[in-house]
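So that we are looking at the same thing, I have put the structure below in structure tokens.
Chain IDs A, B and C follow the sequence of writing; residue 1 opens each chain.
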Amino acid sequence: MNQSPMLTVHELSKSFGGVQAVNLVSFELKEGELLGIIGPNGSGKTTLVNLVTGFVRPDSGRVVYKGKNITGQPPYRVVSFGIARTFQMVRPFYQLPAFKNLIVPLCSPRVKKLVGGKYGDRDAVALDLLEEVGFERDAYVSYKVASSLPQGYLKRLELAKSIALRPDLLILDELFSGLSLAEVASIVPIIEKLRIQGKTIIMIEHRLKELFRIADRVMVLNYGRKVAEGLAQEVMENEEVKKAYLGSEE
Amino acid sequence: MKKRKERIDRGIKARSEDIFALSSYREMLYLLLPRAIPVVGLLLFTPLLSSYWQEVLISTAVYALLAISWDMLISAGLVSLGQSLFYGIGSYIAGALNHYWGWSPLFTIPAATVAGGLVCTAMLLPVLRLRGIYFAMVTLVLPLMLLRLVEATRILGGTEGLTGLDPFPSQLTALYVIQVALLAGLFGFRRIIGSDYGLIIRAINDNDRAVLSAGLNIHWYKTQVLFLGASVGAFAGAFGTHLDMFAGMPGFALDYSIMPVASAVVGGMGTFAGPMLGAFILVPLSEILRALGTLRIVFYGLFLVVFVVALPEGLFHYAQRKYHQFERWVEVEK
Amino acid sequence: MLVGTLVYGFINSSILALLAMGFNLTFGISGVANFAYGAVYIFAGFLTWIGLNSFGFPYLVSVLLSVLCTIVLGILMYYLIILRVKGLALSEVMATFGLGLAIMELFRYFDFVGFRYTLPVFFDGSLGIGPVFIDYQRLIIAIIAVGLTLFIYLFTHHTKIGLAFRAIAQDERTALTFGIDSDFIGALSMAFGSALAAVAAIVILPLGTIAVEGGYEVLINALAVCIVGGLGSTVGILVASVVIGFAQTFTANYLETHWMMLVSLIAIAAVLIIKPSGLFGRQKELEERI
């Protein structure tokens, strides 16, 4: 049971009107791993996530999760299977207070099935969740309207929204972007706690130093193709990876 | 010294939050008064009006129902420029059930409400997935086309429509039926929007991608909201059929599409009470202006334009703000 | 009979295309809602009539004046109303719809209904094509329709201003960073659309009468064509006009005239079931909007 991979992506491809965004990408993910996906801008990382989570239909290829073929399933179904994701551009429900933002995911069928809950209970769960991601309870930050929160809190809110869905696989798209070193340092323990709880995580990041501290393995994309995969050290020695990030002499 | 305006909640509003509302009669009255006015006003005072004004009130209530159903649709981001579609379909179904199969109003109205809701939802289902503007276009075009279709094919009575249908036992019955329905709709919809379900609906309007990634099937929710709005509209149509003892092409008239929108714009979108207020202002007003003939619609149109441009929040939001908050000038700190 | 149907089908398609083009230009291509389109159409027609009959201007002068005035109306509408509610699609639609309604019903109040008001045709007489006779007016309509479609297509795809029209609908912010003044371009688009409505009115109205109902018909038909063909696509408008135009004419000739409306309805229904965004529509469903 522990040996078969949790997620298998097989030769996934997608082109947008002539631009090959993702090109025959394959990889496997074992349960409990933290996989980092890195690569220069435009290398297809977010598209890859969109393909896996159902926001975009692949042109070809397969996504198998826990033995089930989930290729092309709509996003709400993918969530019900246990995969949750965050978005690069955080966009909360600005008019609502922070904790009310979590009501929506808490109403999803998956949460209803796993936890159950009636009207009113959800507020308490939401407040607890926010405390878990670092919203200080006595500062009443959770009650503030989302439009008044700074980026650090918004990123945590985004994280909380995905944790609220009780996923087994969590895909975080550039969670660290726009955060100060201190803020990153304060979020990392939350991620480590998630790992202890047994969650499998994929992280797309540009902040390599911070990522390499916590990732088990790293995968590099460039121009939609997978160019390297393995331990962080090995991958950064790879010539193609260096060329992708730093450019070449010609 | 520079000053700015500051808005603060009134003391009594803070004192009447949650359980503290029960602390004294003043707080309870503060909360109950706005809600009691429509209920008491409608149920107790209207039978005292003259027969003519009762008629006007019934007509107002019908338009108010359409306005409320419009507001429900807009809460989910569905802009309906064709409430007359729901009205007309409901009207024809009730009329047909009464005319061809002899069902009494007691049965035609509920049946037409549900069936009308289903039919209209089915018709508009394909456009739900697209941008809101497409929904607006299709709802605008459909009733106008159905109107011409009936005229051309002469089905369901054609230009004359179905006449001689069963009326209500008395005007008072009709008055009470529509008013109870209106109040039920008003308070029911407000309850729904205030609940977690309503939160989801408003979230879909705000950012549907986020709701989708939260594991909710937004198309199913939108369909449900459409059904809700369509059924209420169909109810209005079915009611109107038995009120006029007639079902026909006028059911698809532009009036039924524009009035709800104008009412909502004047009264304030998203609050349900606002559109109802707007209807209660506009319909009696247009009755009084009936002498001007079709100039009435010119009036509506201009009203719509002025309000959309100048006072988009609507009267109810304004009144609500004044009721709950007060303003004062504060010095700007350096 | 067949040749006649084909020819008149083509004419009918031209009329539909001409009607839909102005609406498509402002709404579909530039993203500026103009639901007062029918009113603008009628407005141009009446102005021409007034110029001809009340002021006694020669035909050409009346035409030019009315096109000019219609453009002014469009620009006024834009700056006074649309600009203030821009960005909120709902408000744009409602405000222009309300205004259009007010204008049309005002005309009705001043009694511009029924059969009393007509515009004269450009040239009397007709041309024979095979076994069929077409009056010159219809011929002119067809020629102008084809010409304008070509012009608009080339304009929106190859000229700077035309591309700017499309830019402000696709992504206004990006357009602004390219130095495109979106307010001005929007006004220009509105002016163009109004001019097109005026041209359409002037060539088509002589076929019948100037009546307020016609204004509503125009809006319905323009909307129907745009829904079927796909908002924003000039090619789509063309194809949709051809499909609906021919279908309507065939129905009128081989079945009965009053089924014509059913044709449009069926076309819309079919499009909604198969491809809701229109035959050539580029409305993206949620999945592609990321």
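Operating definition for what follows: a contact is a pair of C-beta atoms (placed from the backbone, for glycine too) under 8 Å apart; a residue touches a chain by one contact, two chains touch by 3 or more.
Predicted model only: the values in this text are computed from it and were never measured.
K.L.:
What chain lies closest to the overall centre, CA atoms only?
P.N.:
Taking the mean of all protein C-alpha atoms as reference, the closest chain is B.
K.L.:
Ranking chain pairs by contacts, what comes out on top?
P.N.:
B-C
K.L.:
Where the centres are mean C-alpha positions, what is the separation of chain A from chain C, in Å?
P.N.:
Whole-Å distance between the two chain centres: 48.
K.L.:
Based only on mean CA positions, could you tell me how far chain B sits from chain C in angstrom?
P.N.:
Measuring from centre to centre gives 32 Å for this pair.
K.L.:
Averaging over Cα atoms per chain, report the distance between chain A and chain B in Å.
P.N.:
42
K.L.:
For chain A, jot down the residues that touch at least 2 other chains.
P.N.:
Within chain A, residues 55, 74 contact more than one other chain.
K.L.:
Mark out which residues of chain B touch at least two other chains, giving numbers and ranges.
P.N.:
Within chain B, residues 209, 212, 218 contact more than one other chain.
K.L.:
Scan chain C for residues touching two or more other chains and write them down.
P.N.:
Within chain C, residues 290 contact more than one other chain.
K.L.:
Which residues of chain C touch chain B in the complex?
P.N.:
33, 35, 81, 84-85, 89-91, 93-95, 97-103, 105-106, 108-109, 216, 220, 223-224, 226-227, 231, 258-262, 264-265, 268, 272-273, 276-277, 283, 285-286, 289-290
K.L.:
Residue numbers of chain B touching chain A in their complex, please.
P.N.:
It comes out as residues 195-197, 199-200, 203, 206-207, 209-218.
K.L.:
In the complex of these two chains, what residues of chain B are touching chain C?
P.N.:
Result: residues 74, 79, 81, 126-127, 129-134, 136-138, 140-142, 144-146, 148-149, 151-153, 208-209, 212, 218, 254, 258, 261-262, 265, 293-295, 297-305, 308-309, 312 of chain B touch chain C.
K.L.:
Please give the residue numbers of chain A that touch chain B in the complex, ascending.
P.N.:
Interface residues on chain A, with respect to chain B: 53, 55, 74-76, 79-80, 84-85, 87, 91-96, 100, 103-105, 107-111, 119, 122, 161, 164-165.
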